[in-house]
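As structure tokens, here come the structures.
Both of the next two complexes hold subunit A, though its partner changes from subunit B to subunit C.
So, the complex of A and B:
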């Protein structure tokens, strides 16, 4: 297994270099550059040339590529043209937590709910409620997402006034705030991750129990300690609490909107996958053995239906930024998606490459994760990679 | 060739009486899959059910375990297993009877294993559900080792996953699982169909040995008449959802009385018997959405009379434990039919 991961890491490195090169040439192929973008067209040609030289835009494509690659590998992603002289690393580092928070939250929510509902749908196939839920699922899955997001804003922000219309914090509140938005964000993410790990550990130990009763108790203890941890964590930071809740309030509508749409896809995928597994002979064997219905559904059918859903989950995480463009634009959420869009439109090439490179890294890591998860979930693969 | 002990003095363990089961179609049509099937199985006896594909063998088996498809309707009859009518049990009560009283070795034993759990875990699951009290880890392990030795698998395989087993080993392990809760009756539905002939032979030997050792009652279901001949005490012949003849296996092979039994045996080559041209069985099984009137076999029967197309023949006893549903069984010749066509005989005798 370790050898397998090592080999994959080396492969990933070269694949990444290739990806970066491709990105560089593709973005270079767009007409114009930053100097033609937002400078007065009457500006003398020599000044324009001087500016291009200072930004490193003169010279052949190859020499610029070489410069870029060597700089990139030493960790220097260059300066943002638009937010000159901030470094690209700095710009991206500011945006990443916001996007990760929004999408990880929404994706987790949609997968947990989608899987739970999808397996039940397949299990009680044919009833009225199954048809109703499946049809609503198809509706949500195929809805034109930007339109759906705007309708959500129209209803819940503009109409009912439950949530802010856009942005990720209220500027008036933060004017004299003792923290930056990202500091608070960091703490929020940290607490969520720890609480999540507690839940995962709880469910792991509960699954290892043979008996139903202790399994339930361990799961409840897991929920309890996660809540307890959250309470203590935020009780110790009273001055940060109003700011955190402000961000949370802003994030609810985008998270719900995103989760609703993603959830529908997951639900339909789980339902389809589950219907396939339910046809397998081992389900009939389990019934003949007298396994209770609930265990047949969860331990036998859903456990096998989980495989394609896992793939979709991890790959879904990788394409957060691509998906983020629409969401972040509609909700004016200043994350990576919005950054990618503005940088490409304004020919801020270093930032655009930086953002896309980040997507690439996510995609590569996600693929590795899929392989490892598959090996964990499916013994047939575990043996092969083990040899 | 066959163990001829009829064990008639033994106590009855399973009694099926006038079982009727239909499949309901979406348009309201009814497929008559099992029609008025009755038989009795004594402790330690083995019964073979034979018949063409779609004649209702597997439907009978699944109904015995109450695992019939969602659109199946049991319209009448009784399934008395050791004095309890399974058809009167609630789903939860039935669930508790499964595997402890009646277990099954499935047709697709290859796919009977869930790929994500070890074989040991899956056998253990059945034991955890049904043993009272629940076995400790050590007890369960010991029992599985014992079962693996019984069916001829190396006990080291307990912790392995199904895909690490060969086809024959999977089949043996399925048998081990079927034995894990000491059931009173085992149903073996095509237990050896997917295996090559050598492994088939080994597994059948194994099953027979186990049956004798544990005094188990087994129902074999197969379209392979040779398998049935080899290992069963009783044989039942099904045609189009009905049991047309049942009796001691040796007697049925020696003197088939129902025209259908007579014709299938005539179309089956025998290695040990005299060389003869095989007679083909003409025609196709009927559509069970609209089964033929009277005797369901009459359209294909060489001895059919008008009565056969109007009145259904009852299953009646013609010898000790030998029952038959035919109006004209006296007409059936004592020797098997041979093909009239000479061109067939060259191939047929092989």
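So, the complex of A and C:
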């Protein structure tokens, strides 16, 4: 397993270099550079040439490429044009946690919901409810996403007033706050990750039980301890709580909107994969043996149908990342997606490359995680890599 | 079945006639194959619904030239989707102060009136053009914030959406079928090169890449179609079509064709590609869905160089500040959004139903 991960990490590194090279050429080919775009047009030509020489812009494409790659690998991504004295790494580091939060939450929510609904959908094929859910699923999948997000805002923020219209926090509340937004946000993510790990451990141990009763007890203990952990964690930080709840309140609508759109794709995929699994002989055998319907669905069919869905995660990844950009823009959620769009529109090239590179890293890491998950889920792959 | 019925007739005919009617035989076979597949397709009600949606949009696209040439929209520039302007004028009676305004629909105070009619005093009449005008007054769906007819914009954009979808789908099919067939036929390093390329393309999220492209270069609709086609043709579609081509490659008729002296190109384009095509038509449908949504998203962000499109209609409403005001200006919000969603969904429904025709494992029996 470790060797497998190691090999994949090396592959990932080279793939990332290739990706970065592609990005560099893509953005290098765009018309104009810093010396012609952002400076006073009346600057004499020799000063312009001097500047280009000092910035290494006068060389060939390959020398510029080499400069960029070496700089990138030593952690120097340049300065932002738009927020001038700040470095790109600084700008990106501020935004990363917010995007990761949105992305992770929406992905988990959509996969859990989509899988649970998709397997039920395949099970009662042909009924009216199946048609209704399939049609609404496809409509959600193909919905014009920014428009859908605006409709959600209209309904839940402007109409019902349950959530703030947009933004990441309420500025009035934070004016004299003793923390920065990202400090509170970091604590929130930390607590959520630990609680999530407790839940995963609980469900892992409960799955290993043969009997129904101890499995249920272990699962309940898992839920209980996760809730207990959250209560204790936030009870110890009374002064941070109102700020955390403020951020949480802002994050619900974007997360739910993104998850709703992404979930439809997962649901349709699970349905297709489940339909194929239901044609297998072992399902017929299980039915002939008189195994309860629910056990056939959940233990025989759904677990095998999970494999193609896991592989498709990589395909859905681009969808969620793209959706993330739209979500962040429509909800004014100041993450990487909004950063990418604003930097492109204002031609802030260093930030744009940085944000795109981050998107590539996110895709690569998620790809790796899925591969590991796949190896865990599918014993055939585990045996192959183990030897 | 069809050939069995015709056989007795064919035996009594002279040989020359049979040779001449070869195209007819092919046509008949294609027709019977089409009928068989249509039967399978028609079993799927959702697929039929998708087809209905597409036909509806075809009619909508035809409505624009028809209405402009013969219909009620021939009237000059009022109904032009881009430069047309028409606003119903509302007359307001001007009164001295705000307190004297009894009916806000017909009266306004002198101070507010300065915004529209500079220098007006009490007793004058001020005419204000109503710019996002509600439906009525010759505009079936009202006008947008710039006074342009929404219905004509909607029908005009339908044609553009179809054109974009067609270009993207054709490019995808040509690229993906060629790449998939060649990779499957030659195998070896050609195969690994194209498959690693596909992995790389899959890894790159399409929306950010297209945002970059359209932010820095001038991207028009045909160019966007080609871009989407290339990106999706070298990506996931190529992988799927390659696996299909692999299963065709090992069929006996390929060996037979090779033994009878067919060149590699002949084998690929005469024998493998025609057998991969049904599956690639399926992926055409999904590409159209993708292209329609992507175009809408990009023009919603104002990144495309287009005259008029559904995304642009929403962008106009958004930048003029009419989108977040609730459903008061519903004619700016609903038609364009529903059109994008429905057209994309229509092609997706058809694609899914075709999937059940092409892939027997998904059928209900």
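Everything that follows uses one rule, which is that the second predicted complex is superposed on the first by the 346 of 387 C-alpha atoms of A that agree within 3 Å, B and C clash if a C-alpha of one lies under 4 Å from a C-alpha of the other, contacts with A are read in each partner's own complex, and residues count from 1 in each chain.
Note that contacts are C-beta pairs under 8 Å (C-beta built on N, C-alpha and C of every residue); 3 or more make two chains touch, one makes a residue touch a chain.
Everything numeric in this text was worked out from a predicted model, so none of it was measured.
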When subunit B and subunit C are modelled together on subunit A, clash or fit: fit
Partner chain(s) touched by A:377 [first = subunit B, second = subunit C, both, neither]: first
Subunit B versus subunit C as contact partner of A:287, first or second or both or neither: first
Subunit B versus subunit C as contact partner of A:248, first or second or both or neither: neither
Partner chain(s) touched by A:154 [first = subunit B, second = subunit C, both, neither]: second
Dominant contact partner of subunit A by residue count, subunit C or subunit B: C
First, second, both or neither for A:303, with subunit B first and subunit C second: first
Least C-alpha distance (whole Å) that remains between subunit C and subunit B when both complexes are overlaid: 11
Subunit A - residues contacting subunit C, complex: 15, 18-19, 22, 26-27, 30-31, 125-126, 131, 134-135, 138-139, 141-148, 150-151, 153-154, 158-159, 165, 268, 272, 275-276, 279, 314-315, 317-318, 321-322, 325-326, 329, 340-341, 344-345, 347, 352, 355-356, 359-360, 363-364, 367
Subunit A-touching residues of subunit C, taken from the complex the two chains share: 45-46, 49, 199-200, 202-209, 211-213, 215-217, 236, 289, 293, 296-297, 300-301, 303, 310-311, 314, 318, 323-327, 333, 336-337, 340-341, 344-345, 348-349, 352, 355, 361-362, 364
Residue ranges of subunit B touching subunit A (in the complex, touch as defined): 65, 67, 95-100, 103-104, 106-108, 110-116, 118, 125-126, 128-130, 161, 163-164, 177
Subunit A residues within the subunit B interface of the complex: 210, 280-282, 284-292, 300, 303-304, 377-380, 383
